[in-house]
Amino acid sequence: MKLEVKDLSVFYGEKQALENITTGIPEHMITAVVGPSGCGKSTFLRGLNGLLREEKGVTLKGEILLDGENCSSLSPDDLRHKIGLVFQTPAPFPFSIKKNMIYGAKYYGLRNQKALDRMVEEKLTQAGLFDEVKDDLNKNALKLSGGQQQRLCIARALTVDPEVLLLDEPCSALDVKSSAAIESLLLSLKSSLTMVVVTHNLAQARRIADKVIFLYNGKLIEEGTADQVFDSPKDPITKDFLAGVFG
Amino acid sequence: MTAVFVYTDDMLHKLFHKLNTGVLIALTAVSYLALAFVVYFIFREALPLFSQVSVWDFLTGTRWMPVDYGSGTAFGIFNFIAASVIVSLLAMIFASVLGLGAAVFLSCAASEKIRRVIYPFIDLLAGVPSVIYGFIGIVVLLKIFLKVGVHTGSCVLAASILLSVMLLPFLVSSCSETMLKMKEHYLPGARAMGVDYWYSVATIVLPSSFKNILLTMMLAIGRAMGETMAVMMVIGNANLFPTLLGKSETIASVIALEMGTAVADSPHYHALYAAGLVLMLLVFLINTGIAFLRNRLIRKEA
Amino acid sequence: MIRSRLVKIWAYASFILIAAIVVFLFAFVFIKGAGTISWTFLTDIPRGAVLGSEGGILPAIAGSFLFTATAAVLGGIPAITSALYMVFFCKSKNMGVLFKSLIQCIAGIPSIVLGLFAYSFLVKDLGLGRCVLSGGTALAVMILPFIEVRAEKAFSEMKEQVIHSSYALGCSKTYTIFKLVLPSCRGELVSAIILGCCYAMGATAPLIFTGGVAFSAVPDSLAKPAMALPLHLYLLIAQGTTSLPTAYGTAFVMMAILLISNMAATLYAARVRKK
């Protein structure tokens, strides 16, 4: 297991958003987190890389182990360096494409212009965006289409060479064609990355996921390989959810 | 501009990264220390006066004789307080008539495009220095009052009119923002019923913005009381109880006019600080009242 | 129906009247003052037996810029750091409310009282005397809340996900602030500082007894007294009608500076937004 989650509980003030989640994220695979809206999917994801600690009035309990090492022993910055996150709505920085791409690398001390250029090309190519934007890397990122912006954000997350990439409903703000592009991008990244994708799109989860985690009301109801969960769910709640009774 | 910014920003970042958040917190503390310092120094310089004059006499006395010319000294600022309050109140009323009207225009009659053109002009008006208002007040407004028959032209009314123009930008921008929100919130529903546009503005937008407008008007009084130059230049500066066409003097003008001649640490000096203290407390009182009212009026609704 | 018509008339009439006031203010000053403006007026020192009856206003222009620069540095930096602290570091809601009301308190202090403060603290206690630093400090406290409120608004209007994206790359808060937040908000920040400077440049009351001295030369250090444009204008008017042309000229210069800086602020903010 790349990541192990032990008894993770999250409180927003008095309200409990996650209850004693214990699970594992397998290495070099895509894990999909599914469940009805408000079930704690996004909270779970943000708990994994410590971003929750930046929010006001949030308490976290439990342990998260990265490669067997307790994450709380890492500084928040180091943790997020290793575990990247991409948001639901594309959130490019209001700078040029190139500046978006070198932002993180510069933080880690990469100053050599040639190395930076090479890195930009490599990561954009990985994200399948390079051919579309190679002629105007100095264009403001906000002028790209929604799908391009989201791929840029994924490419940007890759620039700091994370070991794990978390994606919070990366396709929900996009059209079908852009979604397909992102799905194939995620599949192509599997060899080098461990990914966790939150999605409300069950068909998508089925297409890309190796492992599926089903959350409901802040509790982990069921987990297993995609085939197990989708074809022969054990819990009645999972069955109802997959049958579209709620969600 | 951009290039410079990026360059300095890079250098600053390196510097800042080393010193980290400690510096940021220290610099932030400077803001709050400034407040503590101001309050401390005003109190420290004001309090010695009250060993000579009781607070009650200071606030209610009408004789102001800071230097002894044979008939003894007297420190009573009642007329000054009255002038500060009345001039501000009048100015707020005048400004509200025009300001609210313009706010209705901007929020309900003007298109988004016009609004975007107008707002910078309101900012511009807000930036006009008070001494310029005072200057124009002297060369234009006082001439008019003189022609009408007011002796020397200086009077409370002139000061209020001038001050009301100075309050306009604040009132207009703050009220039009409120009304715009109310319009976007309620008007579509009223329009769907086929009611006349201006009728719904008059019966829905204005009443629903009323509470916010009231708070803005109070805030405007607070701002007006602290205003010094423009008022001082046209009010005549005589220690009299304010009447519409008579001369008077506000707390701020007394301080501005007499501070230059007051000997440091003399009773006169302490009296001027005490007057400043009263002015500051008056404004704080109004602002606290507003904060309190805002909690009562608006939070309850939501 | 009468009521709706009345409201409409009231709205249009008030707007037209206010527009007329704005036009009148600027037109009056520019037309009356234009005759006085000359190269000598801008670059000479005041001369003549009565202040300003002859000569120019160079010391006042230079002094104004120096006062304003002092205020911008002393007030602008804590203002922006306070805004950063409020938005990115303060995690307790109650503390946030407290700090916000403290800032409002500072904004509520009448400018003349700030003059009193600077006099007793800097001029008297610290023995600085009347000088640019004393007056500039009073102005700094005056523009601090003005800039803070605008900066805080700009910071809090940034999309949370954009900032969290930077954290998610493992970048520290400091890096995020300097490389992402400040550059993204530079339009609003620069215009807030420019408008704050205009505000400081127009203020007279805090300077009367803290830094302004008639007939002062062009200041060459912060420890020297100086003249400022608004104070110069006030002194010219206060001594009667002998220097009226110079007064109009001074008003012209002040309004011109105000107009130009406002335009610069608006245009710069618009340009940054467009990019």
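So that you can tell them apart, the chains are marked A, B and C in the order they are listed, and the count of residues begins at 1 in each.
Here is the rule we use: a residue touches a chain if its C-beta (ideal position, glycine included) is under 8 Å from a C-beta of that chain, and two chains touch if they have at least 3 such contacts.
Here the structure is a predicted model, which means the values were calculated and not measured.
Which chain has its C-alpha centre farthest away from the C-alpha centre of chain B?
A
Going by C-alpha centres, which chain is most central here?
Per-chain C-alpha centroids ranked by distance to the global centroid put C first.
Give, as an integer number of Å, the spacing between the C-alpha centres of chain C and chain B.
About 16 Å separates the centre of chain B from that of chain C.
Which whole number of Å gives the spacing of the CA centres of chain A and chain B?
One centre to the other, that is 51 Å.
Report the inter-chain centroid distance for chain A and chain C in whole angstrom, where each centroid is the mean of the CA atoms.
The mean C-alpha positions of chain A and chain C differ by 46 Å.
Specify, in ascending order, the residues of chain C that touch 2 or more different other chains.
Expected reply: 172, 175, 179, 183.
Going by the contact rule at the top, pick out the chain B residues touching chain C in the complex.
1-2, 5-6, 9, 12-13, 16-17, 20-21, 24-25, 27-28, 30-32, 34-35, 37-38, 41-42, 44-45, 97-102, 104-106, 108-109, 120-121, 123-125, 127-132, 134-136, 138-140, 165, 168, 172, 196, 198-199, 201-203, 206, 222, 225-229, 233, 252, 255-256, 259-260, 264, 272-273, 276, 279-280, 283-284, 287, 291
Of all residues in chain A, which touch chain C in the complex?
49, 51, 54, 56-57, 76-82, 84-89, 91-95, 103-104, 106-108, 140, 153, 156-157, 159-160
Sort out for me which residues of chain C touch chain A in the complex.
It comes out as residues 91-93, 159, 161-162, 164-172, 175, 179-180, 183-184, 275.
Give every residue of chain C touching chain B within the complex, in rising order.
The contact residues of chain C facing chain B are 1, 3-8, 10-15, 17-18, 21-22, 25, 28-29, 77-79, 81-82, 84-85, 89, 99, 101-106, 108-117, 119-121, 124, 141, 144, 148, 172-175, 178-179, 182-183, 186, 190, 195, 198-199, 201-205, 208-209, 230-231, 233-234, 237, 244, 247, 251, 254-255, 258-259, 262, 266, 268.
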